[in-house]
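Shared between the two complexes below is chain A, which pairs with chain B and chain C, respectively.
On to the complex of A and B.
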C-alpha cells in the first residue's frame, strides 16, 4: 500500500551494517517464534504521521502523564497516607514540636529530609497542571479543526473522560498532604456532598468514615489517587492511542494530501526520534520547573485545623471555574415539606454544572452531526474560519469557562484592581450568560470575514502594494496571482449544504414522522451554515482570472516605461531586479 | 446500512485540481558535507552534555545539604535547584539532540500511506452476524427463557454484593450534625491557650476566636478530646466572640438576652460549604468568609448580606458564670456548618 520503497535510502553513501547480525538476529527470531511480532511490526514500524505543530499538544499531555507516573512512584516511597496524629520532629524548625497528621509530617519529611524529594514533589505538581492544561488545549485544537468528526467521535468521548478523570485525579492529589490549604479544600468538598438532595449526608458520612474530618479521608483519597483513577486513566489512554493508530492521524489539506491518504514521516526512524525526543524535552522542562518554580509550599500553610483558614484560599487552577460558579451563584435554597432543605446555592454550581458541562462537551460531535446531517468520514482538517458556527460555539464555551474562572478569583481581582467584590460578582452573574452569546456572534462574523478575505485572494490575487497610474490619471493596485499550491489549499474544503427538510406533509395532509424535529434541525442548519461564504466556483475563478487579464491589458501600454517599482507587480521575472533609487 | 454512511468525504477538482505532492527539496545538510558533519557534531555534543549533567546531578546529590532552610540560593533551596537544574538539562539535551538528529540528518522524504475505511467490509459484517446468530442459537438462550431470566436475575442480585459491603464505610449520620459539644454552663475560652474570657477583657469592635473549654480539659491526666476526636468536634464547635456597641445590635425576638454587654458569640463555620470564617470588618460588623465571600452581619443576628451562603450564622447564647467568665447557656439552637437535606427536620438545643 504505502510507497515506502521510494524513501528506503539514507543519507549515508554506504549501506549500514549491524555490528553483530547473528546475535541480534537470533534474539529477534527467538521472540518472533513466540510472539509473532514481525507481522505487527511490518505494518506499524513505518506508520506515517503527518507533521504540524498543533499535533504536539496531545503529546505534551501524554508525556506529562508519564512524568506523573514516574515522580508519583518516587513520592509513594516516603508519603504516609495516615491521619494519625504525630508530633513533628523533622528538619523544618518552625513546625517542630507541633501536632499534625502523619500525612502532613511525611510531606514535610519529603520536602526537607529526602534529597530530591522536594524536586519530585514540585515536578509532580507541575506535571499535573501541565497534564490538564495540555489536555484542554488539545481538546480545543481537536474541536476547532474538526478532528472530532466521523470516525473519531468515540475518541473525542474518551478524551473528554480523560479530562474529567484528570481533574478528579488532580483534586485527590493536592488534597493528600493534609496541610491547611488542602484541608480547606476537603472541607468544602464535604459541604458540596452534603448539598446533594436526600443522600448528601450519607455520602459525606460514608466517604469520611463518620463526621468530617475523621481519620479515613486521606487513606481513601490515596487509594483513589494512586490506584483507582490512574488505572482507569491508563486504560483510557491506551484506548485513545489504539484508536489514533487505527484511524490514522488527520492531516491538513494541501497538494497531494487527500481524504484517502496520509502524508508525513514514518514512525521509524523520524517520528520515533521526534516524539521520543519530545518526551525528554517535556520531562526536562518539568525538571527545570520543579527546580526553579516553587509550587504548593505546604510547610508555609501549617497542618490542617478545621477552625483556621487563610485568606485567598483557592484550589488549583483547573478547579477554578466551578469554584467561580459557586461564588457568583445567588444564595437560593428551598424548604420542602417536612422541612427538607434543597441547597440550590451549592448543589447547582458544584454538582450539577460540572456534570452538565462535561456532558455537553462529550455530546458536541453528535450535536454537530445531527445539525449538519453529515455522516461521511472526515480525515482532512478544517480551518476554524471555515466552520464559523462551530468555532463560535467553542469560543462561547471558552468565554463561559473564562468568566467563571475569573469569578473564582474575584477576591484577588477585587484587591489587585481595587474594585468592589460585590460589583465584580454582580457583573459576573450577568456576564456569564451574556458573554458567551456575544462571543459566539463576534467569532462567527469574524470567521465569515476571514472566509471572504480568502475568496478575495483566490479571485483577485494578493495585494502587491504597487499602484499604477493610467493615462487618464486613475489609480489601480496591482494584484499578484496566488501560486497554484496555495490556491488549491484554500479551496480544499467541502461546500456547506444547509439541511432542507422534505415537504412537511404528504398529499393527505398528514405530517411526516419527526417533521417538527426536522424543522428544528433545518433552522439550526441554517444558523450553522446559512451565512458561510462558499469557495468560488470554477466559473467565478475563471471570471476573476479573466478580470486579471483585462487589468494586464489595461496596463500594457505602460510596459517599458520608467515606472520604478512596477517590475514587482508579480508579472515579471524579478531576478536581479532592484529599485533604482534607495529610499532615505 | 446504506452506502452513503460509509462514504469518505472527498474534495473534487473544485474549482482547482490537486496539483499533487510538491517535489522534495533537499536540506542544506543533504547537499553540504560540512553542514552534515556539523549537525552530527551538534547532536553528539548534546548527548555528551547530557552525560555531563548526570554526573553533576550525582555530585550535587552528595554536596548540597538539605534541611530546614528551603530559601537558600535565590529563595529556592540549593539542593533542589542543583538537582532539578541538572536533571532538567540532562533530559533536555537528550531531547533536543534527538530532535536535531531527526530534523537534520534522518531522511526527510515524506511518504504516503493510504487510508482504509473505519468500518468492516460488508462480507465481514454479514459473516459476524451469522456467527453470532449461530452461537446464540446453539446456546438456546432464546428458546429457554427460564434459564435466561433466572441468570439475569442472579446477575442482578450479585450487584448487591458489590454495593452492600460498602455500608460499613461509615456510620449513619443520625442527628450528629445537629449537635456540638456546647452545653449549658460551658465556658467560652480563647482558641490559643484556652483562657476564659471576662467581658471587661474585650474592647468594642474586637473579635476573638473561641472554643469550648472542654477542648482544654483533662480527665485522669489525659485530654478529654484529642487527635481525630478533637478535630471532629472543633469542626463544629469553633466560634467567634465579638464585642459591639450594644445600641448597634438588633436581636431577633427571643434573642434579646443572648449577649452580655454587647458581646455576642457566633459559629465560626460558614453555612455555605463549611470554611472557618475569619475576615472581620470592625466598622460595619461584617464577617466575610475567605473561601467564597459570603458576608454575615453580626450585629443583625448573623444574617447573610452578600454571597452564596443561604442561611444566617448560628448564634450561641451567652451568659456569665459565678466568676464573671463568659459561658454558653445551651448548645447551638440549630445545625452549624454547611447546609444539608435533613437540616431543619430535627430541632436542636434546649
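On to the complex of A and C.
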C-alpha cells in the first residue's frame, strides 16, 4: 500500500476537521513556537537505524548506566561517606555493638533498615557489572566488524576511555562501603601506588591525606564516585552518541546497502519503540538480578580491619585480569643501594601492564590503518572472516585477557575444580605467553578457511547432497546455484590491497624519505593481508557459471530417468512429488 | 581458691606453733603436694580424671588393630615409608579429641593417601568411636573430647556471639572465607566449608588443628572464645540469605561469572530476539 493510498483511505468520506485542541497538545505547540524543536527533531527523528542484534550491545551499556544513575542517586540519600567511628546498633545482630566507620554502618543501614535499600544496592552493583561487561562486548563487536575504521576512529577512542573510566568508577564504588573487601582493595591500591618508583609514596600520601588509611579516603572516593567520574562519563557518552548520529550507523553489506546510504528503520517510531522496550528489558533483568542474586553481602565481611583478611578476596571481575597478572608474577625485586626497593613484582603487572594494554586497545584503529595504509571511509561492515589478521589479533588479546582472568580466580578454580593452586599458577605463567600466539594462528587459519568456503559457494553453488550417477557410472554431486542476493552479499567487499612502497630509491639511488619505515610497513601489510583469500574475479565467476551450465547439460539426459529421489535435487518443484516407493 | 589458701595458711600457722618440730618442714611440703595433686585431680581436664575404662580401651585396641594399625602401627607409633614419609603419623599424645574429630567426621580411616584426608560418612558408630578415643587417650595425655557444656552455644548472649564473629574474622576467614564457605591452600589442599559441621567437631577442630589447620590451644583461644566462635557460625547458619541466592558465598569471582552468564547472556538473548522480530504494522493488508 503506497503512502498516498493509505492517506486517501483513512481520510474517509467526510472532510477532516482539526482535532479538539487538548492541553498537552497546546502546551507542546506553545513550546514549539518558541523553541523550534519540531523541525530540529523531525530531521533527527527520521534518522535511520539498521537492525542487527549486535548493534544493541552498546544499548545494554547505555541502559545499565541509566539504571546506575537512578539507583546510585537512591543510595546517596542514605549513604554517609565518613570514616568517623560509630557503634553499630541496627538490625543485623551479628554486628551489633561493634565499632565501625560511619560509611560501613550506613551501608548496613541501607541493607537492612531502609525499605528497598538492599534491592537498590544489589541492583546498583549488578548494573555496574553488566555496564562494564556490555561495554566490552560492544567493543568486541565494533572491532570484529571493522566499525572502528575511518571516520569512526575518534569514537573508538571515546569508547575506550569510557571503558577505562567505568572500571575506575566501579573500583571507587566497590571501595565505598568500607567493609573488609573494600578495605582490602584500598589497601592493595595503596600498595600499587607505592610500587611506582620515586613518585609512588608521594602519590599515596596525597591521595590518603597522610599515612594509610587516614580518615579522608572514603569521602574523597565518594566525591570521585558520585560527581567527578559520572560527570565525565555523561559528557563522553553524550559525545559518543553525537558522533554516532553524525557519522550515521554502519550496516552490513547487502542488496541496496551501500557506502552512501543507511537502510533500516526510522528513529521514530520503530527504533524508538524497540530501544525504549529494550530499556525496560534491561531494567527488568537488572531488577530481577538485584532481587534474587546476592551481590557484595557487605554484612558478612565485617568492617575493615587491617589485621583481617578473607579467602576469596578478589576485586570485581573487570579488575580481575590485572589481579591475575599480579598473582602469577614471579617475585622480582631490585634493591638499589641500601634502602631503595624496586618492586617489579607489583609495578609491572599492576601499573605498567594495564597502562600498556589500554594504550594498545585505544590505538588499534590507528595501528591497523598504518599497517594497511587504508585511508578510505568505511560505512559497510566487514565480516570477521574477511579480516583474518584483525580477527586473529583480537582473539589473541581475548585469550590473554581470559588467561589472566583465570589467574585472578586461581583459588576459586582450585577448590571448585580440585586442582592445585601452584599448578594453576605454573600453567598460567606459560599460557599467558603461548596461548595468545596459538589463538592468533588458529583464528587466522579458521577465517581463511571460511573465506575459501565462501568462494566455493560463489563459484560452484551450494552442495545439494544429491549424488548423480551417469551412464558411464561416474558420480557427481549436484550443486544448487546461490541465490542472487546471497551472492551479492558475499561479494560485496573490497579486495585487500597489500601496501607497496612507491619506490625505495629515486633514480639517483637516494633513499626516499621514510623509506625504511615504508619497507617495514609493507612487510607488516603483507603479513596482515598476505594469506587472505580474495573474492573471485569476474572471469572466475563467469567460468564458474559456465561450469554450472556444463553440469546442468551433463545432468540433462538423466532427466526423467532419474533414480528415485532425484526429484528432490533442488532444481524442481516438489509440491506433489513423492518417493515412488513409500515407506510404511 | 581463697578457701584453700586460707586453709593452707591456717594449717601452716598451726604447724608453726610447734615450730621446733623437725617434722614441720616435710609435713608442710607433703601437705602442699597433696593439695596441689588433689586440686589438679579436681580441676584438670576430664581426660585425666575419667578413669579409663579398661574394657573400653581393650575394645578400642581391638578396633584399632583391624582398622587403623595398617597405617598408624600396632601401638599407634606411626609407620614410616621407605622414602621417609609417613603412612600414618604416631598417635601417642594426640588425645581423644583428635580421634573423635577424625573418625567422627569420617576422615579416618583414610580411604586412600592423597593431598588431604577428606570428610566422608563415618565408618564407625558412636560406641566404637568412643572406644577408639579411649584407646588413643590411654597411650599418652592429650586433649580430651569436650564436654557438651563446653560447646553448647544455646546460652551464649548476642554480645558474646558478636565477639565470636570478631574472633572468627581475625583467626579463621583467611583460610575458611568470610562465610565459612572454604578456601584454597597451596598444593591442592583446602580449608573445607564449615556449614553443617557439628558444634562438637568445630570445637575439636580448633583444639586439635587437623592437618594444615593450626592448633588453637586454650592459651590462644580460651574455651569461651571457642564457644563464641561456634555460636557465631551457628547463628550464620540459622540466618536466612538476605540478598537472595548466595552464589556459593565465594566472593566476587562467582559474582562476575553470574554477571556474564546471566546478565550479559540473558540481555544478548533479548537483543537477538528483538532484532529478529521485524517491526509489525497493525494495519491489515489491503484487500483490493
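Note that in this section the second predicted complex is superposed on the first by the 544 of 584 C-alpha atoms of A that agree within 3 Å, B and C clash if a C-alpha of one lies under 4 Å from a C-alpha of the other, contacts with A are read in each partner's own complex, and residues count from 1 in each chain.
Here is the rule we use: a contact is a pair of C-beta atoms (placed from the backbone, for glycine too) under 8 Å apart; a residue touches a chain by one contact, two chains touch by 3 or more.
Since the model is a prediction, treat every value here as computed from it, not as a measurement.
Asker: Just checking: does A:421 make contact with chain B only, chain C only, both, or neither of them? Give me first, second, both or neither.
Answerer: both
Asker: Output check: A:129 vs chain B and chain C. Expected answer is one of first, second, both, neither. What do you get?
Answerer: So A:129 only meets chain C here.
Asker: Of the two partner chains, chain B (first) and chain C (second), which one does A:180 touch, if any: first, second, both, or neither?
Answerer: The second partner, chain C, only.
Asker: Taking the superposition as given, does A:60 touch the first partner, chain B, the second, chain C, both, or neither?
Answerer: The second partner, chain C, only.
Asker: According to the stated criteria, A:137 is in contact with first (chain B), second (chain C), both, or neither; which is it?
Answerer: The answer is second: A:137 touches chain C but not chain B.
Asker: Once the shared chain is lined up, is A:535 touching chain B (first), chain C (second), both, or neither of them?
Answerer: first
Asker: Go through the superposed model and pick first if A:98 touches only chain B, second if only chain C, both, or neither.
Answerer: second
Asker: Determine, under the contact definition given at the top, whether A:471 touches first (chain B), second (chain C), both, or neither.
Answerer: Neither partner.
Asker: In the overlay, answer first, second, both or neither for which of chain B and chain C A:297 touches.
Answerer: Both partners, chain B and chain C.
Asker: Residue overlap on chain A between the chain B contact set and the chain C contact set?
Answerer: On chain A, the overlap between the chain B and chain C contacts is residues 1, 6, 9, 93-94, 111-112, 118, 122, 265, 270, 273-274, 277-278, 281-282, 285-286, 289, 291-292, 294, 297, 299, 305, 307-313, 410-411, 421-422.
Asker: Would you pull the chain C residues touching chain A in the complex into a rising list?
Answerer: 115, 158-159, 161-162, 165-166, 169-170, 173-179, 181-188, 190-191, 232, 235-236, 239, 241-247, 249-260, 262-264, 266-268, 270-272, 274-276, 278-279, 283, 285-286
Asker: In the complex of these two chains, what residues of chain A are touching chain C?
Answerer: On the chain A side, the touching residues are 1, 5-6, 9, 51-57, 59-60, 93-98, 111-112, 118, 122, 126, 129-130, 133-134, 137, 180-181, 265, 270, 273-274, 277-278, 281-282, 285-286, 289, 291-297, 299-302, 305, 307-317, 320, 408-412, 414-415, 418-423.
Asker: If we count contacts the way the header does, which residues on chain B are in touch with chain A in the complex?
Answerer: Residues 4-11, 14-22, 29-30, 36, 61, 66-68, 70, 75-77, 79-85, 87-99, 101-103, 105-115, 117-119, 166, 169-173, 176-177, 191, 209, 211, 226-228, 231-232, 234-236, 238, 268-269, 272-279, 290-294, 304, 306-311, 337-345.
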